[in-house]
Amino acid sequence: MGVIHPDIASQMVDLCAALLLLTCFAIVAQRRLSACVDLFALQSVFLAVTAALVAFLTGIHHIYIAALLTVIIKVIVIPRILKKVIERLNVTRELVLNVNIPPSLLICGALVILAFYITQPIISLGFLLTKDSLAIALAIVLIGFFTMIARKKAVTQVVGFMVMENGLFLGATAAAYGMPLIVELGVFFDVLVAGLIIGIFTHRLQDTFDSVDTSKLTELKE
Amino acid sequence: MGLALIVLIAAPLVAGLLSLGTRTRRSMEWLQCAHAAVLLAMMSMVVMDVAEGSVITVGILLRADALSAFMDLMLAFVGATGLLYALGYMGEEVTRGHVLHRRYKRFFCLFNLYLFAMLLAANVDNIALMWIAIEGSTLSAALLIGFEKTKAALEAGWKYIILSFVGIALALFGTVLTYYASEHVLGVSMEALRWEELYRVASDLNPTALKLAFVFVLIGYGTKAGVAPMHTWLPDAHGEAPTPVSAMLSGLMLNLALYAVLRFKSIVDRTVGVDFTGPILLVLGLLSITIAAIFLLVQRDYKRLFAYSSIEHVGIALVGFGVGGPVGIFGGLFHMLNHALAKSTAFYAAGMVLLRRGHKTIERVTGLVRQMPLVGGSMILAALALAGMPPFGLFVSEVLIATEAYGQRPWVAYALLGLLAVAFSTLLYQVSRMALGEPMEEDIPVTDRTRRFTTSALVVNLAAMGYAGTHMPGFLRGLFIPMTRFFGVIVEIP
Amino acid sequence: MIESAVIVLGQAVAALLVSPFIVGLIRKVKARLQCRRGAGVIQPYYDLLKLFRKDVVVSTNTSWIFTATPYILFASTLMASLLVPIFLSKVPLNFAGDVITVVYLLALGTFFLMLAGLDAGSAFGGMGSSREAIVASLTEPAMILSIFAVGLTAGSTNLSTIVHKTALLQDIVTDPPPHLMAFVALFIVTLAETGRVPVDNPATHLELTMIHEAMVLEYSGRYLALVEWASALKLLLFLTLLSNIFAPWGIATEAEPARMALGVLVWLAKVSGLAVVIGVIESMFAKLRLFRVTDLLGVAFILSLLAVVFFYILRV
Amino acid sequence: MIQLFLLIALVGYGLGIFLPLLAHRRPHVQNILAHGAALLGAVGGVVVGAMGLAAEGPYVFSLPSTLPLLRYAIRLDPLSAFFVLVISLVGVAVSVFAVGYVREFYGRHSIGALGALYNAFLLSMTLVVLADDGFFFLVVWEIMSLVSYFLVVTEHEKAEVRYAGFFYLIMTHVGTAFIIVTYLVFYQQAGSFSFEAFRNPSEPLPQGLRSVAFVASLIGFGTKAGIVPLHVWLPYAHPAAPSHVSALMSGVMIKTAIYGMVRVYFDFLGGEFPWWWGFVVLTVGAVSALLGVMYALMEHDLKSLLAYHSVENIGIILMGIGAGMIFQSYGLTQLAALGLLAGLYHTVNHAMFKGLLFLGAGSLLYATHTRNMEEYGGLIRKMPWTAFFFLVGAVSIAALPPSNGFVSEWLTFQSLFLSFQIPDLLVKMMLPIGAAMLALTGVLALACFAKAFGISFLAMPRSAHARNAREVPVAMRVGMAGLAVVCVLLGVAPMVVVPVIDRVTAPLIGVSIADKVLAEGGLALMPMGVGSAAISTPVLGLLLALLVPVAWLMAVVIGGKLRKRFYKTWGCGITLKPRMEYTATGFAQPIKQVFSTIYRPTVKLETELLEESRYFAKRMHFETHIEPVFQKYLYDPVVRSLNAVADRLRVVQAGSLQLYLSYIFVTLLILLLWVR
């Protein structure tokens, strides 16, 4: 902790957080499915780096483990699953969107501002080191959520969901200096299982509807 | 007593793993009956002990206070009858060759894990671990809903997964925010996540943070509780899941989600006062009742029908908690209990109709009372209970909630009574169409082996429903009074 | 006690004896106005006597209702006439029933007459009953209201009280307008209730135009005699009401033989006068179609209503 | 002592609920058990009612419940006792009747269930009038509705029965919602649901809330009582039930609503109310009475006809009560007591003769298996006893002297007439109009029952059903005879009834008028003292009974011995066929035509002409209907709009996942911003 000046440290953390945010925008702007998945993996890398950084700066060591798990699950395993799904698809890029890309970007910008506006009163609670990361985390969550609404393909929805997860994780580690280890493990386990189940279901969707276009799933209604 | 609690929670896990090893249907039946028995026994020990006024704790992980014990009561009881019913229902599917023994085993494994996750969530003394457990229940539920490999089931499962995962993620964010606020008082440690500690220091927590946290938690767990407008997955899931699962979803999962919301509400109330959470719950509750009351009218599928009625009742309970006050809180909790019993009964009956008619269309179902007196009769009784008719408990809780509401905001009482009248008419319109008249279709017989289980489940549930509505035994009293005190009010129960 | 018994008996006898005379008188007047000599005014007595002597023909598909009705009708009408002051203002039986009771006693007779009309199973009887029903239902409200209008002046619906107070003009409020309206209304009601032209024609022989006559079509012999006598009583009763409620002067206010004798004479004069008026009307107007009757009775209703309203307004 | 008989009553009904279920598949045993137990309970109830009316103070008894705010509290004050007496009296007769009548259902329906429900029905009604706690009242009230619903749908294989039952269930539940509102208003002031607290709340209710309570309770109880325009369910539901149950529903159940009104208006809201309350009640009563009897006239289904007459009589009762309320609000307590007395007198009368008439209708149904009057005829010879009892009921309901109906209607007339003592001009000008409407109602009722009795029992049989009819079993006749006797007694013995009812009204109004009303040593009723209007039904009855033989003697004296010849009715020369008889439709035709503005009749006439000549018809088809105004313009729109809304809202659940997600998203953002 002594080695780096606190301001610089917080600058570094905020930088990483900002990079996460940027990748979000990139995902929103990206039509190609595989590219979305890659971007998600990249985002997860940044996330891991942030976590490691926080762990190093604060000296709370179990966050290293969290970082490691992030790398394993979110950088390697889940992107793999999604890639597998995409390979079986007949489409590689998403042409029709519920919300087109330029407006999406604008909306995401608005969401970021919103996130800062909402969290502003409680930022003061945060540690000096990771002041803005809570706002950014919320912004990422909202953007991920929005992506799920804006996109139609199951895969991109999954990506959006995973982006939300990243936002949450950023919040947990950076803003709150990480949850107790057992909690972290539990969360990661759940995320993993969730990824698997989603994988299974996308497979089944592909088999039965021979497409993962969720806008076709409108049989059940009033 | 700690042991009893541990066994209660562990039993489903063990049973679930064992059930994968069962060779025959008979052995499965023995296993699950034993499982049910253990559940009931352990539950009664726990409940009795807590009703005495003690709080059971196991290390820093498990903690069963009145509210948890109340959940255990519902989970274990409805879970047990659910197991019996499932034995009959899935067994019939096996005899008819719709389900292979392999998937029969998998079903029960998932079913038990589902129970396990819920029991864990109800008793764990840690906001984050509770989240994990509820997420676990979501995952197992997702697989159970998609169990029947039909297109519709798949669609329902997918919608359930996406919506409830999003919800659960938001709930996690709320949890993180709570932690974010609490660790300033309790430091970065496990303590900052324990309910007990949170209650202790609640008054020193940062109000804004907790308000934000509550919003996230409400939306998140509200999604699982089927609160409008986050309810959209619910009818699909209930309609397409195997009926025992629908019963568990309505009877237990909704209550569990409400339980989570209540836990947070109690903290937030301690921090910022009742006037913050009250209005939100009120508005969402009334919205849920409205939506449900109207959609009940246009239903063509009787399982979806009961699903919407679940939305309605969650709404009523929310209104009760929203208006607060001793009577309101009591009403809400009492409503949860009776709804769990009545709704599971309704679904058991609906499942029998599905087995014996082979379709879910309301129009084509008539003359149930003539053709299958027990099933038809219990469906009518359950529907009347759900519509809020005495001598069933839902009438009591609804009147109590209306009373409290009228005291604070008369318009809420008027709105509530009006909406309830509409829901009453729409629900009973549909059910009486099915139950009365001359049967139009011949009935697909079910084996006695099936009937043995399903009938016993129905009868036990009916009995419990009638009992809980008319008389409150001492142990419930011992639970309700501390529960209301837990929300800062005390209800007088003569 | 004895005295009041005697008076009651006297009332009964007077009513019974005078009623056929009124019928005869009306017939006579009509005959004269039609430039016929017509039968004597005591002809109805002969008719009744004859009918009583003749033996009766009873339809095979009638029940005991048919045979009992004439007696019930006669009894209830006579009962009603015992409640109305005829020559003495304070009727001994005034505690037994007021004007509303009179109306309902007549209704009792009408009820059984309707049943009797239906009993024989012929279409005419049924038709008569159903028409009687509509006429009665239209007259009733007007009757009650007009009586209320008068009763308000005396503060009671007790006929004896009304007549007594009006006769003595003591502690009573009398205003010409409401009284006049009430009188006209009650007169129209009388025409309707007693089946006179223009509502009904007692002399018709065409079943399709009958109302009262159609109901009693199946009756013969002494049954018919009783029915005819009862309807004559009813007519007399209404005329008595008209005369004694609105112009009771001359009626005996104490039970002294001399005064009562005078009362009888005055009463005879009044009812005969009214009978003549009815006779004139009957020969001036033609019978109305059944569904035109409503207009006439509507007039009666409005008049009686106005009478009540006027009474209140004049009191303010 | 009272406890004992109360216990007997409750235990009797309780046994009646459980015993029949035990004797499985042995209908006769079940029948005997159920109705025997009901009889026991009802007799106990009669005693309880009598003792309650005789007792000095109210008898109070309460059990604590294990639920918050709920007390199983019972209070037997004169008002409750009066209604317990009414319920139980009818209960006794109907239970006897049912023993015979229920045979109709052997093998077709479960007698056990029927009997159990029947007992539960009686029990719940008794508890409704006994309840001393708002919450407990609501519970038993709802149970009463529920049980009666199940009884209505006994023959649920018929579509119209299902419709009737459902309609009834909805209406009564909506009514209950309004009753709940009423009690909530009181609860706010009283802080508890106990009636004692309602009576004297800590601080008096503000006028606005009092009016809310008044309106809510009028709607709530009015729905059950069947006041226009909330009556629409009644003519469907009452006839649909088995006849002995119809007798209970029409005769007694709707009276529990009257009980509720009296309890709320004179007990809880007692004292000075604004004049318009009574005025509203009076108007509602007058309209219900008139429209009820008018629609009854157009009915040719005997049971529906009787059901419409229940609407009429509830109207008459409310006219009495309304007049009483008006007087109350002007402080004319004597007259207030008179009006209330008239209302309650008519309540008991209607319970008796409507019960009797429904039992009669049940007997006709039992004997002919049809409810259509056009298929009856000539039954007076097949079923003399039933005919006689029905005639007694008809005379009573048509309020012909010296029947009980006449007494209560006369009292109502008097209380309307005496309105001239009211200072307010507008009000006192309105009351005579009410009297005129009452008069019209009375005479239309007379016409209606001339039709009902004449067409059903007189002339020639109109169908094979009627030709093959037999007199009903003795149990049914005994049941009817009991009620007939009670009717007559209520008519000729007002000197007994008035003091009894006075015990009920005195505590509510505060003045006792029995001694003032009874004159001539109890022979006569003389509401306003000497010189005022009076009736004496005993004397009237006696004289009538005297004059009939007098007339007969006179005839003999003048005409000598009666010589009768029997011959067929004159039919213009051709022999009369039943098809030539005057039908019920024809009988009501002139009335329909005169009041066509109200009925809006629609007539359809199809003529099929012969090929050979177009001057001769092969067959003609005539049908006429009257427009169900209230359903068409009041209820259908509500249902239609509800359906429309539901259809519109389907888009909410359109099935698109993204849409669903956006709901959550928007909600989240809104709430977050709201919090911030």
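Points worth noting:
Labels A, B, C and D are assigned to the chains in the order they are written; within every chain, residues are numbered from 1.
Just so it is clear, contacts are C-beta pairs under 8 Å (C-beta built on N, C-alpha and C of every residue); 3 or more make two chains touch, one makes a residue touch a chain.
Note that the structure is a prediction, hence the values are computed from the model and not measured.
Two chains share more touching C-beta pairs than any other pair, namely C-D. Taking the mean of C-alpha positions as each chain's centre, the chain lying farthest from the centre of chain D is A. Remark: chain A and chain B have CA centroids separated by 31 Å (rounded to whole angstrom). Centroid to centroid, with C-alpha atoms defining each point, chain A and chain D lie 71 Å apart.
Separation between the centroids of chain B and chain D, computed from CA atoms only, is 44 Å. Distance between chain centres (mean CA atoms), chain B to chain C: 78 Å.
Taken residue by residue, chain A touches two or more other chains at 118, 121, 145, 148, 157, 214, 217, 219-220, 222, whereas all remaining positions touch fewer. Annotation for chain C: no residues touch two or more other chains. Residue positions of chain B touching 2 or more other chains: 158-159, 162, 166, 170, 208, 212, 235, 295, 298.
You'll find the chains touch as A-B, A-D, B-D, C-D. Contacts from chain D toward chain A in the complex involve residues 650, 652-658, 661-662, 664-665, 668-669, 672-673, 676.
For chain C in complex with chain D, the residues that touch the partner chain are 49, 52-65, 70-72, 74-76, 78-79, 82, 93-101, 104-105, 107-108, 110-111, 114-115, 117-123, 125-127, 129-131, 133-134, 136-138, 140-145, 148, 151-152, 155-158, 161, 217-218, 221-222, 225-226, 290-291, 294, 301, 305, 308-309, 312-313, 316.
For chain B in complex with chain A, the residues that touch the partner chain are 126, 128-129, 132, 135-136, 139, 142-143, 146, 149, 151-152, 154-159, 161-162, 165-166, 169-170, 172-173, 176-177, 179-181, 183-184, 188-190, 193, 206, 208-209, 212, 235-236, 239-240, 295, 298-299.
Considering their complex, residues 98, 114, 117-118, 121, 145-146, 148-150, 152, 157, 214-215, 217-222 of chain A touch chain D. Touching chain B in their complex are the following residues of chain D: 64-71, 135, 138-139, 142-143, 146, 153, 156-157, 159, 162, 165-166, 169-170, 173-174, 177, 180-181, 184, 187-188, 642-643, 645-647, 649-650, 652-653, 657, 659-661, 663-664, 667-668, 671-672, 675-676.
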